[in-house]
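Following are the structures in question.
Okay, so chain A shows up in both of these, paired with chain B first and chain C after.
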Partner chain A sequence: MKHIEKRFDAIVVGAGPAGATAAYQLAKMGYKTLLLERGRTPGSKSMFGGRVYIRPLKDIYEDFEKKAPIHRWVKKERISLVYDESATTIEYTSNKTTSFTTYLTQLSHWMANQAVEQGAILLTEIRVDRLYKEDGRYRGVVVEDEVVKSDVVIDAEGINRLLLEREGIVEKLSPDHVALGVKEVIKLEPDTINNLFGLDNNEGLSWILMGDVTDGIPGGAFIYTNRDSVSLGIVVLLGEAARRIDRHIYILVEELRNHPLLYKYFKDGRIMEYSTHLIPEDPSRLMPKKLYYDGLMIVGDAAGLLLNQGYTYRGVDFAAYSGYIAAKAYEKAHGNGGASEENLKIYQKMLEESFVMKMLRKFSSVSRLMKKERLFSTYPQLINLLASKLMHIEYDSYKLKEAFDEARKGRVGLIHIIKDLWEVSRKL
Partner chain B sequence: MTTETEVKKRKISRIEDILNNDVWDVDYEPHIIVDYSKCRECEWKPCIRLCPAECYTMVGGEVLFSYEGCLECGTCRVICPEKAVKWEYPKSGRGIHFRFS
Partner chain C sequence: MPLKIIVGIKWVPNTTSVNIDPKTGTLIREGIPSVVNPHDLTAVEMALKLKDRYGGTVTAISMAPPSALAGLEHVIGMGVDRGILASDRAFAGADTLATSYVLSKVIEKIGEYDLIIMGHETIDSSTAHIGAQVASWLRLPYVYYAVDIEYNEQDRSIIVRRMLENAYETYKVYLPAVVSIAMHTYEPRRVKVSNKLRAKTEDVIQVWTSKDLDIDINCAGLRGSPTVVSAIDFVPKVPRKNLVFKERDPKKAAKWLIDQLIQEGLLEL
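So, the complex of A and B:
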C-alpha cells in the first residue's frame, strides 16, 4: 500500500452540506483540510426536497443570504389534505421568511467552494474505500490502495454508510428507519411560476400534500418553486412502501404531476431532472451509539441528524450545523493535545447542547406518528367530505355538526378522533 | 376538464423517457452485483417496484438488473429481503451526475 507523504490535520469524506461546511470551518480556523468527494463535482450526488431553513447557516457563513445560491424565499406555505380529486388546504402567507428554495446540487457546490476559498483542498472524483486505522485509531482514509493520513477524519458520507458499516460502527440500514424521496424537477419560466402560484419575483412556495398522493403509504408529497423550475415529488416510509406498494413508485410521482388538481401547473413544463435519495427517518435508531471515536467524528445524514417535524424536514441546516460543530470540536481537541477519543467527546457534548440534538429529542415521537394509517387516509378523506358537504350547496344546506357526523359516519369514531388529535398535538 | 383517465392515458411518461433527462458517466464495470439465485427464491421482490430508476425488471419470470441507470439512492440495498444485492458506490467520478436536484 502506498502512503501519500503529505499529512493533513483533517480529512473530510463527502462534500455534501455537512462535509463541505466542516471543511469550510476547519480551513477557516487554519487547519490543513482535505475535502474528498466521489462525484464529478461537489453536489453532483446531492439531492433533497427543495427547501432550506436559513438561520443556522447565517451563524456559519458570512453574508450567506447575499452570496449563497438562493432561488426563492419561501413566503407562501401550503399544506393540503388530498382525497380523490379534491383537496382541503391551509395556506399561510407572510413577508417574513426563514427558508428558501434551491437545488442542493448548487448549494453543496457553493459550500465546497467556500471551503476552498478558506484554503481547504478539494479533490473530486475520489471514492474513499475505507477508513484507515493505525494502532486502533482512525488516522486517514484509503483510496484505491493509497493511504492518505490525517489527524482526524470527519465522516460525512451520507445516509448510505458504507464506511461506517465496514468499521462495525453502525449496522446495515433497516427499511423501517428510512424514507424514500423521489422527485421530478420541472422547467417553467419564472413569470409562469409567478402567475401560476401568485408569487412575486424571488418569492417562493412550499406545498406539502398528504392523503391520496401515496397510495395510502405513510408519507406525503411536496412541491417547491425554484427560480425557473418546480420541484415535485413524494416521500414514503420505505418499509411500509415495500409491504404495500402495488405499482411502480415512479408512477406515484407521475400521477402527482398529472393529478386533476395539479395538472394545470405542470402542463407547459418539461422534466429537467429525475432524482431520488434515502432520508433518515428515525434518528433514535439510526444514530451511532456515539458520534466520536479516536480520530473520527460523524456528521450529517451519516449520523442520522435529520429532523422530521411531520409537515416539514430539516436536513440541510442540521447537517451543516453538525459539520460546523465538529470543526469547532476539533479545534478544542487540538488545543487539548490531539484528536483522541477522550478529547473528541466534546463534539457529542456540543451537539447535545445545540438545537440539533435538542430538536431531535423534542420531536423523537414523530416517526411513530408517521406510521398511523388514519392520518394518511381516513382524515384527509373525512375533512374533504366535510368540506364538500359544506361547500357543494344545491337545495338543502348542511349545518357544521350535521356535515361532520355524515362525513365520519362508518369511518372513524369520535373517541378515535379525540385521541388522535391529542396525540398529534402532543407529538408534533 | 379532462377526466383523470384521459390524463393518465395521455400524460404519464415512460420511466425511460423521464430518465433520459438525467446525466451519467457510466462505468465499464457494474457497481452493484445481484445474486440472481437468491432472487429465484424470493417471492416478494420489492426491488421491482421500489427501485426508482427501474433498474430491476422481470424478464421471462426472472429478475434482471442493469446498473447503467442507477441513481445511487441505496433503496435496493436496504429493501432486498434475501441480501442478494452487493452494493458499492460507482468508482471515482462515475455514475449519476445530478445538476438540478
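So, the complex of A and C:
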C-alpha cells in the first residue's frame, strides 16, 4: 500500500449534490479539500426526476438563481389520477415559484466547479475502494493500492453505499426500503414544449400522475419540462416491482410514453437518455444509527436524507444542505481540536435542528402510505368514474351524490373512504 | 539508455453519441462530451508498458482547443509524465496535413526523443494519416499496425511486430522512429489517484501557441489545409418489411420463419 504524501483536511467521496456542496463549502472556508468522483464527470452517476427546490440552495451558493444551470421555473403543477384512458387532474398555476427544472448532471457539474473555483481539487474516474482507518479512526481513503490521507472523510457515495456496508455502518439495501426511478429524457424543441404544455419561455411544468400508470404497482409517474427536452418516468417500490413484474423495467416507461393520454406529447420527440436509479424510500430504515464517526461524516442519499412527501420528492436540496452542514460542522470540530467522534457530534445536532431532519420526522409515515394499494388503484378509478358520470351526458344527467354512489358501488365503502382520507391528510 | 517516448493523443467527440445533421452533413457536436480517442489510449498503454520495461519518460502531445487539457490530465493519470497541448486559433480548421505539421513542430521543439507512438486511427475521422505524415515531416521511419515493440539498448533499435491479415511481420528499426499501434491491442490501464493528483497540482502540462513554435502560419489551420469535403452522400435507406412472431413456441417460430422466407422467395425447399 503506497501512502500519498499530499495530505488533505477533507476528502469528499462522490461529486453529486451532497458531496460537491460539502467540498464547495469546505474549500470556501479555506480547508484543503479533495473531491473524488467515480464517474467521468461530476453527477454522471446521479439521477433525479427533474425538479429542484431552490430556497435551501440560495443559503449556500451566492446568486444561485443567476448562475446555476436552471432550465425552467416550475409555474404549472399538475396532479392527475389516471384510470384506464381517462385522467382527473388538478392544476395549479402561479407566477410565484420555488422550484426549477434542470439536468442533474449539469447542476452537479456546476456545483463541483464552484468547489474547484474555491480551491478544491476534483478528480474524476477515481473509484474509492474503501475508507482508510488508522488507530481505529477514519483518516482517508484507499484507491486500489494507494492511500490518500485526510483529517476527515465525508461520505457522499449515494444510495448504493458500498463503502459504508464494508465498514459495517449500514446493512445491505433491502428492496423494500428503496424505490426505483426509471426515466427517459425526450428531446423536443423549446417552442414545441411551450405549445404542448401551454408554457411561456423559461416556464416549466411539473406533472405527477397516479393510478393506471405503473402497471398497478404502488408508485407514480412524473413529467418535467426542461429547456429543450422533457423528462418522464416512473417511481415504483423496488420490492413490489421485483415481485410483480417479469418483464424488463424499461417497458413501464415505454408504456407510459405510449399511454393514450400522453402519446401526443412525445410522438415527435427523440429519446436522448434512459436511466434508472434507486431512491431512498424509508429513511427510518435507511438512515445509519448515527451520521458521524471518528473522522467520518455521512451526507446525502448515503445518509438516507431524501424526503418523500407523497406528491413530490425533495432530494437535491436535502442532499446539498446536508453537505453544507457537514462542512460547517467540520469547521466547528476543527476549532475544537480536530475531527474526533466527540467533536463531529455537532454535525448530527445541527442536522437535527435544520429543516432536513425536521421534515424527515414530520413526513416519516408517508412511506407507509406508499404501501396502501387503494390509493393507487381504487381511488383513481373511483374519481374517474365519478367524473365520467358527471361529464359524459347523454339523455339523463347525474347529481353529484348519485354519481358518487354509483362510482363507488361494490368498490369501496364510505367508512373506508373517510378513514383513508383522514389518514392521507394526516400523513401527507 | 532509457527511452524517451512521445505519444500523440486526439481529443474527440464521443462518436457513440454523435449524430449527423441531415441538412448540412456535419457532425452535431453540441452537448456531446469529448474523450481521448480510444485508439490513442492503446498507444499510451504501449508507451507506458515500454516505460515500465525499459525505464524512461513518456510525453503526451495534442493539438486541440484548451478543453483537451482534460484529456492530457487523463493520460497523465494513467502514468504519462507530462503533456504538451498545442493550442491556438491559428490551428483551427486543420485537416490532417496541417495537424501533422503542427505536431511535428511540437516534436521538433521537444527535441530529445527516441520513439513516437500514435494510435491506429481516430474514431471521429478514421483517416490514419497522422502517424505517416508526422514521420514524413520529421523524415523518420514509420511502422503501422504494430502490436508489440521490443527495445534493444545496445544498438538503439526496436523490434516491431506488425499485424497483417494472415501474418505477422517483424521489423528491426533504428531509433528515432514513428510507430502506430493496431487498435484493441492493449487494454488501457486505469488512472491512479496519485498520478491524477500530480496532473492537477504540479506543473506537468504546458500549452504552446503558434508563438512558442517555429511555424509557418500558412501551413497551419484552415490555411494550411488543402483537403475539401465537397459533399456527403447518405446511403439510401432500403425499405424493409418488418414482421414479428409473437408466440413463444420455438418450434412454431422456426416453421413460421421458414414459411415466411419461402413466401418471399428467399428460400427453396
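Note that in this section the second predicted complex is superposed on the first by the 426 of 428 C-alpha atoms of A that agree within 3 Å, B and C clash if a C-alpha of one lies under 4 Å from a C-alpha of the other, contacts with A are read in each partner's own complex, and residues count from 1 in each chain.
The rule is simple: a residue touches a chain if its C-beta (ideal position, glycine included) is under 8 Å from a C-beta of that chain, and two chains touch if they have at least 3 such contacts.
Owing to the predicted nature of the structure, the values given are computational and were not obtained by experimental measurement.
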Should A:E125 be classified as contacting the first partner (chain B), the second (chain C), both, or neither? both
Of chain B and chain C, which one touches more of chain A's residues? B
Mind working out whether A:R40 is in touch with chain B, chain C, both or neither, as first, second, both or neither? both
Per the contact definition in the header, classify A:K6: touching chain B only (first), chain C only (second), both, or neither. second
Based on the superposed arrangement, let me know which partner A:E146 touches: chain B (first), chain C (second), both, or neither? second
In the overlay, answer first, second, both or neither for which of chain B and chain C A:V178 touches. first
In the superposed arrangement, which partner chain does A:S206 touch: chain B (first), chain C (second), both, or neither? neither
After superposition on the shared chain, which partner residues are touched by A:L104: those of chain B (first), chain C (second), both, or neither? first
Partner chain in contact with A:L278 - chain B first, chain C second, else both or neither: first
For A:T225, using the defined touch cut-off, is the partner it touches chain B, chain C, both, or neither? Pick first, second, both or neither. neither
Residues on chain A touched by both chain B and chain C 40-41, 125-126, 143-144
In the complex, go through chain B and note every residue touching chain A. 1-2, 4, 7-8, 11-13, 15, 18-19, 21-22, 25, 44, 46, 48-50, 52-54, 71-75, 77-79, 87-93, 95-101
For a test of understanding, state which residues of chain A touch chain B in their complex under the given definition. 38-41, 43-48, 85, 103-105, 124-127, 143-144, 159-160, 162, 172-175, 178, 180, 182-185, 229, 231, 238, 241-242, 245-251, 254-255, 257-258, 260, 263, 271-278
Touching residues on chain A, where the partner in the complex is chain C: 2, 4, 6, 34, 36, 40-41, 121-123, 125-126, 143-144, 146, 148
In the complex, chain C touches chain A at residues 33, 74, 77, 190-194, 196-197, 200-201
